[in-house]
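Listed after this line are the structures, all set down as structure tokens.
Two complexes are shown next, each including chain A; its partner changes from chain B in the first to chain C in the second.
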Partner chain A sequence: MPEYERWSEARTNAIIAEHAGEPGATLPILHALQEVFGHVPVEAEPLVAAALNLSRAEVHGIVTFYHDFRRHAPGRHVLRLCRAEACQAAGGEALATEVRRRHGIDWHATTPDGALTLEPVFCLGLCACAPAAMLDGEVLGRLDEATLDEALECVA
Partner chain B sequence: MSRLRLYLPADAAAIAVGADRVAAALRAAGAARGIAIDLVRTGTRGMVWLEPLLEAESAEGRIGFGPMRPADAEGVLAAILDGGTHAKALGPVVQIPFLREQTRLVFARCGITNPLSPEDYAAHGGWKGLARAKSLGAAATVEEIVASGLRGRGGAGFPTGIKWRTAAAAVGSPKYIVCNADEGDSGTFADRMVMEGDPFLLIEGMTIAGFAVGASQGYIYIRSEYPHAVAAMREAIRIAAREGALDGFALEVRVGAGAYVCGEETSLLDSLEGKRGMVRAKPPLPAIQGLWGKPTVINNVISLASVPWIMAEGAGAYRGFGLGRSRGTMPVQLAGNVRHGGLYECAFGVTLGELVQRVGGGTASGRPVRAVQVGGPLGAYFPPALFDTPFDYEAFAARDGLIGHGGVVVFDDTVDMARQARFAMEFCGLESCGKCTPCRIGSVRGVEVIDRLLAGVRPEAQRELLADLCHTMKYGSLCALGGFTPYPVMSALTHFPEDFVPRAGARMAAE
Partner chain C sequence: MGLIQEIDYGTKPSAATAMVTLSIDGQRVTVPEGTSLMRAAMEAGIKVPKLCASDMLDSFGSCRMCLVEIDGRAGTPSSCTTPVAEGLVVHTQSPNLARLRRGVMELYISDHPLDCLTCSANGNCELQDTAGEVGLREVRYGYGGANHLDARVDASNPYFQFDPAKCIVCSRCVRACEEVQGTFALTIGGRGFESHVAAGMDESFLTSECVSCGACVQACPTATLMEKSVVELGQPEHSAVTTCAYCGVGCSFKAEMRGDTLVRMVPYKDGKANRGHSCVKGRFATGYANHPDRILKPMLRAKVTDPWREVSWNEAIAHVASEFRRIQAQHGVGAVGGITSSRCTNEETYLVQKLVRAGFGNNNVDTCARVCHSPTGYGLKTTYGTSAGTQDFDSVEHADVVMTIGANPTDAHPVFASRLKKRLRQGAKLIVIDPRRIDLVRTPHVAATHHLALRPGTNVAVLTAIAHVIVTEKLVNEAFVRERCDLATFAEWAEFVADPSRSPEATEAVTGVPAATLRAAARLYATGGNAAIYYGLGVTEHSQGSTAVMAIANLAMATGNLGRPGVGVNPLRGQNNVQGSCDMGSFPHELPGYRHISDAATRRSFEARWGVILDPEPGLRIPNMFDAALDGSFRGLYVQGEDIVQSDPDTHHVTAGLAAMECVVVQDLFLNETANWAHVFLPGSTFLEKDGTFTNAERRIGRVRRVMAPKAGYADWEITQLIARAMGMAMDYEHPSEIMDEIAALTPTFAGVSYAKLDRLGSVQWPCNEKAPEGTPVMHIGGFARGLGNFVVTEYVPTDEKVGPRFPLLLTTGRILSQYNVGAQTRRTANAVWHQEDRLEIHPHDAEERGIRDGDWVRVASRAGETSLRAHITDRVAPGVVYTTFHHPATQANVVTTDYSDWATNCPEYKVTAVQVSPSNGPSAWQAEYDAFTRQSRRIAAE
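Showing the complex of A and B:
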């Protein structure tokens, strides 16, 4: 289970400083922020902008352009379920419907107890062992209700 | 304590179906017998339906066992050590027809070697291509790639050598080699397999490209959905640099952020520069003004990974495979609802039907194949009536399809083709960079039109409108995201019209 730090300006500036010298540093910085905080807090945007000599609007535009960057902290566990064609062909949509029903959440939502966030993903490259998913960074293939339930035991 | 050497893939697909748990079970079973297991974690052979596929050295070569479950560890170990049979025994791995019938040029080492062992790489023919390039010189290397007939494996099929020639001749410094490892197409995983299973191959290909066009910096842009590939490439680069294999060529991995459109080359360059991944108008070509406005070769992983073989064995040998203007080999990826899912590298020319039925063994569900989507989310859906189409760029284009990056996604007869067409439009809307109107707005309208058609709101008029909209998107979009989304939509409508009829319950959603 990933542990995220509470947002702090000092920590954010330290992360930014680690990468600011690289050419095209924006994505490396945003990835690093999300890894530490679990999301890219809106408070971080002006700091990134100042460090990279961009406008805040530009940084906001970049953060919101990419599907990966979360605006809010996720639940304790994150399930990224593949919704692309190969997984569709192998029953992925039915599996997704069942997960949403059972946990009472839609895509991008977190269960009220903060245990699980469900996110769609469009291809993990596990298309020959579909349907596939990623749970807290662990890859899962050949999923069905039983195997997914087993993997999600940690959430209960 | 005696030792036993075994091979088990650490490819993400193998791990996703339990390879790490099998590894632990094997070690435990070995310990129980007083045997130290020397478990080499390889890439995958690409026979994903057999994963986790364990291999043991024997007098007849490597013997396979799969698909392994942790509970099989003890019994399989006994079969290996004491002789005897096991239900999971597959015999000599190279004799499995799926593997035996392939022409593995790019994937020659994948599944055999330790991906991060420079000794293994060199012992299995690595670095020969770079050495020959160096002995030929830069200009002759470019011409060798031109002569090989290699075309870009990322989707567009542009001749790689011509691109290199343009970048070599372009004025500007520094020059860059960018590897497109965004591999966003559902149904494809060839790039991932190379990066995880034979990363030095890609490094060699990029180093040759850098030498050929005069670039000293390379970037590999890998999708964030591939953490194993990111880790393997970073480690391999570190090792290759330490070994002095890069000759001063600097290589760096950058990670995408979940945007499909960033696989489009100009959008990828914007993303690398730290911006939103907006598609650029061409010209200028990236080869002339690419990354930070400098001459840039941007190639797919498989294009670059084909280069070492071509340089080592010669353009003529490579040209000898394939047909027409499609030369060499293509790693075909069989995915979705298919019995024998995996990667099958073969010369161009094999028919779609052979791939799906004979190689792939039909559906995993055992139901009849109804449709296959070839070439990712922007590729056409083909019915079995078109299974005589040979795997060849021009043959697919002639039938309003594309081979793209070589992905073949199989669907059985439970598929709802109107739903697939709707998904294609929806996906285009979700992933559009927003720069051009046909893609940004057309995709949203496309979903609405399909919804109205299925709701029975003047269905004839909607069918006509959909065709008209697809025409606008095809010819009016800035890049192939909007430009090719009509392929899945129109192929579904053309080949499966029976699915595009008003249905009960759909009316509410459309209003």
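Showing the complex of A and C:
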């Protein structure tokens, strides 16, 4: 289970400084920030912009283009359920409905106890093992309610 | 007179020389290699439907409207991104293309409000036009699906609104902000269906990085980005091309009108100074023209403590004439004079100096260029033989190294700055010499290779040290010097600069510029390819202003950076017509065309035309006028369109001089600060209300065209003519074109200029005569105007204005983007949202030492006076340096500046004043007193 640091400007600037010299440093910096803080808050955008001599708008455009950059810190566990065609065809929609009902959260939300964040994903490349998901970075295949519950309990 | 419609070719022209021939819809078309199919078609008169393409932008290929078919090639490529090729057979129309285009348009319209009749773009909407062109008849998807129709309007910018419900996400605004303006304030946020235009980080336009240049509004093909004036007034119905009346860039605009109401100013693509771009001032800040503060009736008063009395034009003009004649009878011919305006047209300026020389019978005429670029005139004339910059603005597109000195283009010359930044993004290198870390030092996608943050007042030491490096490291372009320059003066200069006492190491302690940085910058300038210098008032407004200009001229000659595109010495002129006012003989010692009044042959030509005998002695300069007023020998002054009280240094001295005069005549739009000391007020006209010409910083003479009648009854040139006639002169021009004809007849560098030629060519750059009938974009090609280039020894002499225990900080002054000079115009527009007051920039160390927090009121005191304003703490300024703007009369920054001035031209030393800064409770006693006096002085008696 990943442990994320609380966002801080000083730490952000330190991370930026590590990568600022690289060619095309924006994405490596954003990834590094998400790895450390679990998300890329909007407050980080002007810092990245200033360091790389970009405008705030440019950095904002990049961050918001990629769904994988989160704007808020996630819960302790992140479940990403595939909603692409193959998984839908194999019962993914029903599974998604059940997960949302059971945990009382919609897409992109975190349970009130901070345990679980639910995110949609459009294809993990596991169509042969649909329906698929990714839990804290581990891929899971041929899921149903039971196997998904089991996986969630394992990490709880 | 209709609305001027400029053709949008969809993509930029190709600069290639090789030609390609192809067939488009059965027409043979020959265009330069690299031209897009879209442009090739458009040049042949075939319009391909388009939404995301514009010839101001690089092609993008996203809207899928401009698809074409090419024989032998598969698919339907977009014509904006497909270059021409020899022998192609292209079809822009086919049943298949029609079906595709309709399909795409159907998708656009399924998420677009159907409110065309009430939409502000109605009548001028590219989306509507294109829907018409592709024959859209139905939207099968309905309008009830997911859409963006409820998106909120952002009206935060005072001049335009952003209505995302109408946006088709073509990215033209985002690309215009990046490619044309170079600010990168806009982006596309999100992706897919969520894609949307975002300002900054999805903030309001006002809080984003937007500088309100208007490029996005101009680029928008829908009503998404729209001028609020169009929303309010409707689409314009006619227009005229004119020249902006703000800075010396001299942008060309279409003044778009409804009747005699100005709807909007739109930059004109054929304008050679701006190439279709604009800044917040020229594009939007025209509200002053209709401001209730404008005075529309002539006024008189016996004493400046009396309220003003509105009078007829006849009474006012008769009073001026009789008072001036009375003063001359009692105190001598030389007891009166005039000041011409760099805000007025060439023709108007010419008439004022003609009135003074031929009517007053003396040469007591001067102009505000005295306080800005007079050292440029002196310095460039001495070294090259012409009092003007050497290049056109297009030249920057060929520069490899650009050195800016004492100039802040992104604030003061924004459209040039955009052109410069574009070149820098293409890889040109930048050297900034400025005490402040101006935006160009580091701004998105632009960074100076070297920033020489010198101590204010040490320009000459720095420039001479650069010359030292060039000479001692053998970087001189010897072939150029041998062929083009005076070798004797070169040898003397080279020996002078090579002296070890002038090395970067020896002068480092004085200038504050590390020797290694200076050496690197010198090497880059001398060896980096085409090197161009752009400089501003940070060079001229010093006790050694003229010396610094000549030091710059020396550098360009020594490195051979003259006489071709991409190089040169370019003064960035402050005012719209400061070049023109100097050209027109505004200085007391020079007749039009920079010919000395003592030159009998020149004088004779004017005498013959004017029918008078001219005084061969130069008259009084502005500061001398005040001195003479205080000793009683100068008592009457005609000031056309200049606020000397606010803009000239040492305000106390200026006002004392004015108070000592018997008849001060102010001709202006507003009761400016100078009018507080005036006895006669003559209401002037804006640039929208008269015909004429302005000459910009690149010597470009552009037409000013009248789009409305003068609100007070007369254009400024007509008022001067009324005074002249009342004083007994024969002056009867029917139209400013006749004045230009007289200028051309008497001035060799203008001999080929006429309104007919300006109408034909759009604009011309002087010299324009038999040798150069279409003008001269780049000067000194093959030889200098004076013959051989003249090197001048530039000994650094520190200013007498020195810091010491009482005044330990150096104050320097400048401009900000949204305001213009004394602010008489821009303060009376919505630009006030960006800059409501002048602030004092102070380094955190200096602030902390004095217990000053950001936003605190501080007192700034110098030997000359003191004022109070709020502090802004920033490391943009170095420790020991403070900075402020001079846009607001409440601050009166020039109360603090001293009467030190340039040794050669009396240009004031605005850029260096030793001051002390201390916490304060609010405005100074003097400011309160002045405010009370101003209120008193501006009273107008009830009828």
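Just so we're on the same page, the second predicted complex is superposed on the first by the 153 of 156 C-alpha atoms of A that agree within 3 Å, B and C clash if a C-alpha of one lies under 4 Å from a C-alpha of the other, contacts with A are read in each partner's own complex, and residues count from 1 in each chain.
We take it that a residue touches a chain if its C-beta (ideal position, glycine included) is under 8 Å from a C-beta of that chain, and two chains touch if they have at least 3 such contacts.
Source: prediction; values computed, not measured.
Contact with chain B, but none with chain C, is seen for A:129 once the two complexes are overlaid on the shared chain. When the two structures are aligned on the shared chain, A:61 is found in touch with chain B and with chain C. Touch criterion not met for A:21: it reaches neither chain B nor chain C. In the superposition on chain A, A:104 contacts neither chain B nor chain C.
Looking at the shared chain after the overlay, A:30 reaches chain B, while chain C stays out of its contact range.
Touch criterion met: A:42 reaches chain C, while chain B stays clear of it. The partner of chain A that touches more of its residues, comparing chain B with chain C, is B. Counting contacts as defined above, chain A residues 58, 61, 65-67 meet chain B in one complex and chain C in the other. On the side of chain A, the complex with chain B involves touching residues 23-28, 30-31, 52, 58, 61-62, 65-69, 84-90, 121-130, 132, 134, 137, 139-142.
Contacts from chain B toward chain A in the complex involve residues 12-13, 15-17, 48-49, 51, 183-189, 191-192, 224-228, 254-260, 271-277, 292, 333-338, 341-343, 364, 373, 377, 407, 409-412, 415, 420, 423, 427, 431, 433. Per the touch definition, chain A reaches chain C in the complex via residues 42, 45-46, 49, 53-61, 64-67.
Residues 183-191, 198-202, 208-209, 442-447 of chain C touch chain A in their complex.
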